[in-house]
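The data blocks that follow each hold one structure.
Two complexes, one shared chain (chain A), two partners (chain B, chain C).
For the complex of A and B:
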């Protein structure tokens, strides 16, 4: 007689399940090696002293001082504080500017006005060229000696000689505009979602006397909700993880006004002669936590896992 | 059946392309100078002689950067001259000095290190010495006066607090500045060669501004750092604070505050925003403006003698200069050795001797003269005969380079550049220039913020 436990194991390892497990196993092993192990290491070493002096052997700070790296981040490390605030600002800005803009563009294009395919393709271009090229384009746009932005400002406000990347306030917006309007990929996903809506629903609404605005507000937008949630997660994460644009356009300056969390992690860990990996990892842990919270909040707000 | 056949054909085509692609890549790689050298030395390495591998970042093709080819030739001559004593394997890393540094960091993590490598300014020594992976060169320098003279300022600059020297270089960053003689004449300003103190600099800047000539182009980085470092050599007290560099515990120092105030009032606020770039590797508008004849001074190293060739400003108008001080008639220049040759401590006695022999060769007066003569840069050696060199070189830019090197080498005070002096704080200092320029920051704000940085970095 077999025990109930053995029976349940047998159930799990049925031929079908075993087949599925065999396919999943390589992915799980790779995930554990490539992601899980480093994540665990980052978490534990964030409670250690680990820099150029003990490069090979991170030392645990001790139970009493184990939060030292985190305390320093929030109390004395101005660059981290600027980076944290900036990253959160970029998350909010992507949600408040990029997402509504992208949704509006998708709604307009979904009506297939004249030239919609060309517009869609043009809108996607910034998302298919590398951020390195985007960085160079914006560097030239903002150049005080040859950039068009300074010229335009001088036309509106003679003698202003605005140097976007040399002024802390302007530089933040300079970096922001290098990515905030580029929602081409999100737009494509939203368009796909709109085009998959059953035309019969529109027909029924029109029969009931609904106009285009009502179709947008009462049918398209509600049915787009899960996809809006998904692309919001992607956009907000882009804002939180911003690195390339900063490294290429402003290098965190001027006056470190354009630091992001990712750039801070790089500068503290590898971009400094002190190689302060422990502090960088502490910032990395905070970034990971923020990312998880963000995904949770957005999923909850858009109820992405609920079927309509 | 038809589908299967097409799939099979496609697969075969893909595999064939891959094989051909890989094969082609190897052939191409073998054609590069670095790979050719590597292939040659691999053959040589077969034998019982001691073998060491030297890694450097001069991988560029001659057409791209002639200096790189010259450096490779210098290395190869050494390898050939010693082929009966040891195998000297030369490898050009196509990721450059930064790549060599990053590779070394990874290697250190695994307990390894290069035999000998040229880090080209990327300072691996703090982490590598803490890991016990590199050789202290000081005993070798102390026992050989010619070797010590060959490394020049590198000896003092690279001497660590624990009395070791982990790196020396065959080239140094010699930095003063360049000026356009014609623009100074047009403004009726005294030229830098006639300056006695910094007051003359201020007068000249005012005269240039009054004549409608932009005195200099700057950015929130390199050229402005040069001027700040140059001004910091003006008095004994200022030099003393500056020399403390990475060891300073507070920026609340009168001489430092004076330096920042000078930068704000006499430098940054003398130029318009169009001549102040954001900084960074791609921001070289300040150089372009100078060689186009739009600005009167350029704060950059001796190597920019090459920029004078066919420039719109007129090569005959471009002159080198070093910084004045507040001690009448005394001058100052920035000579930064930084991290260059580093030898791994895992080598045996014969291998270490070969590595030291190579560094001696690279810092010898002959190679130093060749480095200057070929327009590669400035050598640290105090044994270089600049008069003979000036006679020997023929081109105008080479003559300018020799003159600039001579001025730097003969300056009364020689100091490290801002980055080598203050380490990570250099980035924080340069971050303040924009605020100082637009007046949103005061000197006290800068000092307070820099002190916050020190506290955070502790």
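For the complex of A and C:
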């Protein structure tokens, strides 16, 4: 009776399966510790009371009040609301400023004018150096005493004495311009896509009398569309997750006007004396959900099927 | 008539192209050039060129600040975490590219979920875990986190590379009496070197520049990485302006130099990293 079962057990513990398991296990363990466990933890503790008072034992809020943390985020937590609005603004701004700019640069460089490779590589530099360094550079550029922004503003409007980081609106734009134009790696990907287009298509279009501008609009842009979708997802995610620039340039200020969701999670969980882990984790859950929704929306917008 | 119009159009479009290229180069370089020039001024900052070139900042950071310690910390942490993650993930990627087993799809699905989980959203449990293991403010804790963070990108780059290697390679090795493990390390790894270096460059770059975990975990000065040190300048050393400007330059110049030397390899790595979408 048991022999078939035994046989199948034997089959499972072959040398090959042992090898498969041994090779998979380290990566799976790493994944479980760094991603799976924290994900499950933030999800469950977002329904609990957990702060400096009960540092070691998160308490479940009970079925009736389980959404308390989320409700508080949206009703009374001013910092979270500012953070949410800012993060969404940064997503929209990357889509409205960074993407069009990068696409135009890619179209220009795709004709391989003199110096196109140099331009492409120089454009990548801000993307590969440390964002902490970039943040610190912009902090100095915006400083009224040693920066250049105030000096330039004074040349245009004498006596204006703009202090970028002291004014909530200016500070928001200050943070924005520390990253929004740096689309070098996206540009690289778009170029790869353009170069993979079959030259015969251009030939055919030229025979039909199309000029370069028409080639850009009618051929390159539509054929770039899947890659534009891919880099849009990356850029939008960057906007949604912005942290380093804020930590170094504005530290969320002035008056908490430049909070982002990531900065909120850090500040609420670790950067204040109240250590409100539960609420920070609830904000983390919201951030993850927003990210997934965003990817879905962008993929839907850029899907290239016949039906659209 | 028609011809002159198109000539004008050509002229305009090439002028437009040149303008765009000029803007791109300008916005990408001016912050770094400004910091570079400022680092030689007696009083850093402002629009003018230095009227007297001084090296005070560089002398300070190499003598008083011991920037080489931070440099070494960054290097140790980055090299260790890159080696660990590429080794571990390449093993998993190889198995999932080559072997038939149950739950194969699940493994890829597991790793791809991490693309949707931002590190900062889940950073509190990671922080508490590292803290309870007593690894806060230690290099091991940071190495451990960095090894795990880039799992998905590394996995997809390597998996697609392993899939492109013809199967006959291992079959020949197996006939010659090579075991599974032996054929992986002796046959596959050498063949897959280009793919592995692509993945390693991406991982190295991300780990070298990582700021968030370094800044929340590494609190003592002799343990900090370069980005964490830069974070300190917003408050602690903000009076030493020459030192701050020089430290920025010392942090970014190695990356830029290596990029200039290996730009084609970098370009390939950054392109392969696009699986993230």
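Miscellaneous remarks
Just so we're on the same page, the second predicted complex is superposed on the first by the 270 of 308 C-alpha atoms of A that agree within 3 Å, B and C clash if a C-alpha of one lies under 4 Å from a C-alpha of the other, contacts with A are read in each partner's own complex, and residues count from 1 in each chain.
The rule we apply is simple: contacts are C-beta pairs under 8 Å (C-beta built on N, C-alpha and C of every residue); 3 or more make two chains touch, one makes a residue touch a chain.
Nothing here was measured: the structure is a model prediction, and the numbers come from that model.
Once the two complexes are laid over each other on the shared chain, residue contacts for A:46 go to neither chain B nor chain C.
Counted by residues of chain A touched, the larger count belongs to C, out of chain B and chain C. In the superposition on chain A, contact is made by A:79 with chain B only, not with chain C. Once the two complexes are overlaid on the shared chain, A:19 sits against chain C while remaining clear of chain B.
Contacts of A:98 after superposition: neither chain B nor chain C is touched. In the superposition on chain A, A:139 makes contact with both chain B and chain C. Using the contact criterion defined above for the overlaid structures, shared-chain residue A:168 touches chain B, although it does not reach chain C.
In the superposed model, A:254 lies in contact with chain B only, and not with chain C.
In the superposition on chain A, contact of A:33 is made with chain C only, not with chain B.
In the superposition on chain A, A:272 makes contact with chain B only, not with chain C.
In the superposition on chain A, the residues of chain A contacted by chain B and by chain C overlap at 136, 139, 143, 145-146, 251, 270.
Taken in their complex, chain B has these residues touching chain A: 105, 108-109, 111, 123, 126-127, 130-131, 219-220, 272-280, 282-283, 285, 288-289, 423-424, 428, 430-435, 437-438, 440-441, 449, 452-453, 455-457. Of all residues in chain C, only 6, 9, 13-14, 16-18, 20-21, 24-25, 27-29, 31-32, 34-35, 38, 43-47, 85, 88-89, 91-92, 94-96, 99, 101, 107, 110-111, 113-114, 116-118, 120-127, 129, 145, 147-149, 151, 155, 180-181, 184, 205, 208-209, 211-212, 215-216, 226-228, 230-231, 233-234, 241, 244-245, 248, 251-252, 255-256, 259-260, 263, 266-267, 270-271, 273-274, 276-277 touch chain A in the complex they form.
Looking at the complex, you find that chain A touches chain B at residues 52-56, 72, 76-80, 136, 139, 142-146, 150, 161-168, 171, 250-256, 270, 272-276. Of all residues in chain A, those touching chain C in their complex are 15-17, 19-20, 23-24, 26-28, 30-31, 33-39, 41-42, 104-105, 108-109, 111, 113, 115-116, 118-119, 121-141, 143, 145-148, 151-152, 181-182, 184-185, 188-189, 192, 211-213, 229-231, 233-234, 237, 240-241, 243-244, 247-248, 251, 262, 265-266, 269-270, 277, 280-281, 283-285, 287-288, 291-292, 295.
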